[in-house]
Amino acid sequence: MTRKQRRGTIIIAAVSVLALATILTMFALRDSIVFFHTPSDVAEQKVNVGQRIRLGGLVEQGSVKRGGGTSVEFVVTDTLKTVAVSYKGVLPDLFREGQGVVAEGVLEPSGHLLADTVLAKHDENYMPPEVAEALKAKGVNLGKSASHPDAQASKTQ
Amino acid sequence: MFLKTETATFGLFRLPHSCHPGEAHLFHQCAWARGRTMLLWIGFSLLTIVVIAALARPLLGGGKEAPTSHSADLAVYRDQLEAIEAEKDQGILGHAEAEAARAELVRRLLRAADGIADQSAKDQNPADAKSSESPSTPANIAVYAAAVLIPLLSIGVYISVGSPDLPGNPFAERMAHGRPGKSIDELIGMVEARLKEKPDDGKGWEVIAPVYMKQQRFEDGARAYANAIRFLGETPERISGFAEAIVLANNGLIVPDARKAYHRLLQLHPGQPEARFWLAVAKEQDSDIKGAIADLEGLLKDAPAEASWRPLVETKLSELRKSLEGGPDAGGGAPLAQSKPTAPQGASDGPGFQPSKEGVATVLQMSPEEQRAFMSQRIDGLAARLEKDSKDLEGWKRLVRAYKVMGRDADAAGAMAKARSIFVGDRAATEALDSLAKDLGVGS
Amino acid sequence: MIIEFGHFALILAVMVSAFQLVVPAYGAHKRDARLMEVGDRAAVTQFFLILIAFVALVHAYVVSDFSVANVVANSHSTKPLIYRISGVWGNHEGSMLLWVLIVALFGALVALFGSNLPATLKAHVLSVQAAIGLAFGLFILFTSNPFERLDPAPFDGRGLNPILQDPALAFHPPFLYAGYVGFSMAFSFAIAALIEGRTDAAWARWVRPWTLAAWMCLTIGIAMGSWWAYYELGWGGWWFWDPVENASFMPWLAGTALLHSALVMEKREALKVWTILLAILTFSLSLMGAFLVRSGVLTSVHAFAVDPQRGTVILAIMLVFIGGALALFAARAGELRQGGLFAPVSREGGLVLNNILLTVSCATVLVGTLYPLALEAMTGDKISVGAPFFNMTFVPLMIPLLVALPFGPFLAWKRGDLYGVAQRLTFAAVVALIVLVASAAWVQRGPWLAPFAIALGVFVMMGSVWEIGYRVKAGVVPWPEAMRRLRNLPRSVVGTMLAHFGVGLAVVGIAATSAYRIETIVAMRQGDHVETAGYVLTFKDASKARGPNYTEDLVTLEVTRGGKLVTTLTPSKRLYDAPPMPTTEAGILASWRGDLYTVVGDPQKGGGYAFRIYFNPLVRFIWIGALIMFIGGGISLSDRRLRVGAPVRSRRRAGAVA
């Protein structure tokens, strides 16, 4: 086998694997990514019923209702619009009323979200950045630690 | 992760740490500190000398022969040959394969050997030979660079970023012997240590709570206020302190506990303006803009005409109204959305403590704690100015009123007395002061 | 005072690295042995200086010197000693110091143990390594200085994020960095080779031990991180395709490819250009990982809280190094001599396939990690790319890789006999087939693909075992003879086999736990019980307890199996003192057949708690597999042949050729 043929074989193998990977990636990007939305987006009907989304916002004060067993319902708000969320499972440690949350699930025809995953802000200084940004855009003041711990530095005595 | 914050926070507390000529009683400490700094610099010098010596040694001595690249190659190829033999012996490599591999290796070996021949031919050429006995010029330059540039640059950088005169401050040592001139943090630490032993000491919690707030340790502040309430009972100050603390701890959100606290405050003190204001803001955060407006309007109606917080409420109100008109999507309708400006510094240059137009907007963005701090700053600035320019009657009136509003009654009385003494003989002024004193109930 | 001494040592180290950047390279250019020798001195000096700085910082943490801003921000006087020490690298500034310490350590190792290297190559390598050290040293001094002081000192620190107070995490970053930074050696060697315009089999042999060491550290570092996430986060999973995890996984994939292509280069002098490129790309991916984690572009459990200015500086460093390296590569790659020939079916061919699959799969991970960032920058849409994406792209590429894996080591160099190899692998294939049928019949649930994946893992494991058997002629020659042969096997062969065996084991664990995990969410009151995976869990008791720096709600679950008491698990919810933060501690019963993983959730109305109970079958195999890979790498590294080339070595056969 000549040098050229050898090189040809390698190139064919590489190109075919790359092509396969590209096709897989395209399909995966079409089917298995999840968009992030705020309650206002949902209200403006930017989200189709049955679509899987990540909904971000604050847990509305006083909205958490625990049902029987481990099911729980709460309302996510961006202070302008709200979306009701139902979830069955164990809430994260840092899930609290008035705090940032991301719920992932499917939008029901009734306009409420059937969540299978709920993420809370991870520590005292962390709010899911999408949430912080989206809320900022909607005009909610998050104060010192909205998206950035250093924001605290702007406070003075 | 808090580095920035820390520096910002503690930067303000940063005091000149070394020696003040006036502080004679600290002289001993000063001498000690100077000795320590000296020691440190001696250490730096030794370290630098060792480093330079280590770097310069090969340059000063005669050069030694490093293996040329090709003899190193030869070693590798010989070893590979050995490996092939071993694999052949073990029967892992077939005879033909081993032969082919060996032929390839021998070719590499020969190439490397040729390289060596070339190299030694080159090395015999005097123009290329660099391993002469006397240090060559580049080596000299390198030595000078090491000896001069490294210490100079290092010290330069160190002076700009280091803190040579700051002693280390290990925790255990600090606990063992408290030194004079305790910092606020050390004082906090002592109170904390006592509270750890006697957690039901309500007075201790009461004392430490506002200190925490000043340190921006809002969660600790909330806990301290809560404990003070638990052990000493409710007072409006404690409740409002608690509410403030948890609001600040929650990024400015009026969380349920804060709401409860403000409601309680209203029960104890119907009409208490602070509570009413923040409950209105809470409504706004619940998207109940109309409710918030109604509450604020009510608050304004009940407000005394000269109430210092009137402008705050008015501005907030107008912004809320605008946001209601502009609809939820108008960016301008977001009262709290603007980035939070920093509180103005250098308060003493202001004309008085009455906030300017921008000042109002600024103050409105602040938490009550910040507002209060901001006000105090303004007032102190005004007081300082009046020390110099004492003939400003309006200024004095404002100062007295301000002290009163801030609850600093003794200061109000003091300022009133001072004003009276300054304007003694000026009838109009005395009358004005008298009527103000009557209005405010300040030391007659 | 000690801390200031450390600070000064760090500054000196930066200056020394500048010296080390310039002088040896100039010496190599002028062929001046003395100037080149300075490189060795500088590398060792630089390492000791950074070590002084690092020890000074550790000292400040150990004695809780709260006049150091970094200690205040990340430590607390009540923290246990081990976490005070690990707190040093649990934050951005300290971990950067560890990073440059490891950069300098690798440089010093080359200086000390690289006596077999040609002087000019070594000088160039040390120069490039110094450039990396210099860039990050300046970055530390001017944007992330851990020696910043506070005056007056606050009374106590702010504490370390409690989820980071964990033994696995204490040692995860040092290994991870040793891996990331270790690839800087491959990078430095590649740049040095390009500068000198010489790449040959010997170069590949010199670069391989460094790459192998880095790969080992990265393997174990990633495994520790995954193990930590598994038992600490309380989510029951072991890998989340989190961008920060990906940031460490991409260099691992590229590094694995590099390890294999360097082998081809060493043995056959083929794939030279590719190997050099791969060395550059691997370290570039490491740098990109550092950038992603520290720039604030990503937020993740593992990411540091960051500041955009630092991100910009790291981005600049990254672009300079990657851009410069690729430019040099483009200019010089054409001059490299062609290497040996080989047929598509051959050991080389197999390794090329390995490289293609590994790099392409690395590319899919890269796309999955960066696509959300790119999309947001372009359209403003925010998306999350999670496990489904990677299952669709990465996993299918791994299947051919695993199928081909056992064939590779059996194939002869240059021209292999696929049919012969297939015959030799019959036994492994039969075992795999039996496992396939057995697992399909036994579990009868889960995705149909799962038994195949498990069988594939078994195939890889058996293939590795079988290769050793073949090499020692087990069963062909008498037993003692086979043992003698085993002892005489080159360690690199044993290491390779172990590493491949570890891969197979991990694959079995991954497939089993992904497909057959049982998740139960249940609310229980005291006395209630629940049944899962053959275990009966009874909620016995709930109590409050006080740890050294936390309080916790402790729940006692009694676990029985077939009526017999197995153990009691105590999952808990903790609240740490400083910073006050709740965490979940899982109660885990580990066994060979799988882990029983219990998490206690919210208290329920009317008493009791919610529980999440997982049964993760064979999940331990994943980390044991990684550990075996690590050990395999270590055995391979100890092979005399990798250290070879020291001209002083006595040789039996030297006369045969020379």
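As written, the chain order gives the labels A, B and C, with residue 1 at the start of each chain.
As a working rule, a residue touches a chain if its C-beta (ideal position, glycine included) is under 8 Å from a C-beta of that chain, and two chains touch if they have at least 3 such contacts.
Note that the coordinates shown come from a computational prediction; the quantities given were computed from them, not determined experimentally.
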item	value
Pair exhibiting more inter-chain C-beta contacts, B-C or A-C	B-C
Central chain of the complex, centres being mean CA coordinates	C
Between chain A and chain B, centroid-to-centroid distance (C-alpha), Å	32
Centre-of-Cα separation between chain C and chain B, whole angstrom	35
Chain centre separation (chain A, chain C; CA means) in Å	28
Touching two or more other chains - residue numbers and ranges from chain A	125, 149-150
Multi-chain contact sites of chain C, meaning residues that touch two or more partners	305, 307, 580
Where chain B touches two or more other chains, by residue	1-2, 4, 7
Contacting residues of chain A [partner chain C, same complex]	1, 3, 6, 9-10, 13-14, 17-18, 20-21, 24-25, 27-29, 31-36, 54, 66, 68-70, 88-91, 93-94, 104, 122-126, 128-130, 148-150
Complex contacts: residues of chain B adjacent to chain C	1-4, 6-7, 10, 13-15, 17, 36, 39-40, 43-44, 47-48, 51, 54-55, 57-59, 61, 63-83, 85-86, 90-94, 97, 100-101, 104, 106, 108-109, 112-113, 128, 130-131, 135-136, 138-139, 142, 145-146, 149-150, 153-154, 157-158, 161-164, 166-174, 183-186, 188-189, 192, 219
Contacting residues of chain C [partner chain A, same complex]	161, 163, 234, 296, 299, 301, 305, 307, 338, 341-344, 349, 352-353, 356-357, 360-361, 363-364, 367-368, 371-372, 381-386, 388-393, 396-397, 521-523, 573, 579-584, 599, 601-602, 604-605, 610-612
In the complex with chain B, residue positions of chain A that touch it	58, 60-62, 77, 79-80, 97-99, 125, 136, 138-146, 149-150, 152-157
Contacting residues of chain B [partner chain A, same complex]	1-2, 4-5, 7-8, 12, 214, 216, 248, 250-253, 255-256, 259, 285-287, 323, 328-329, 331, 333-337, 340, 342-343, 345, 370, 373
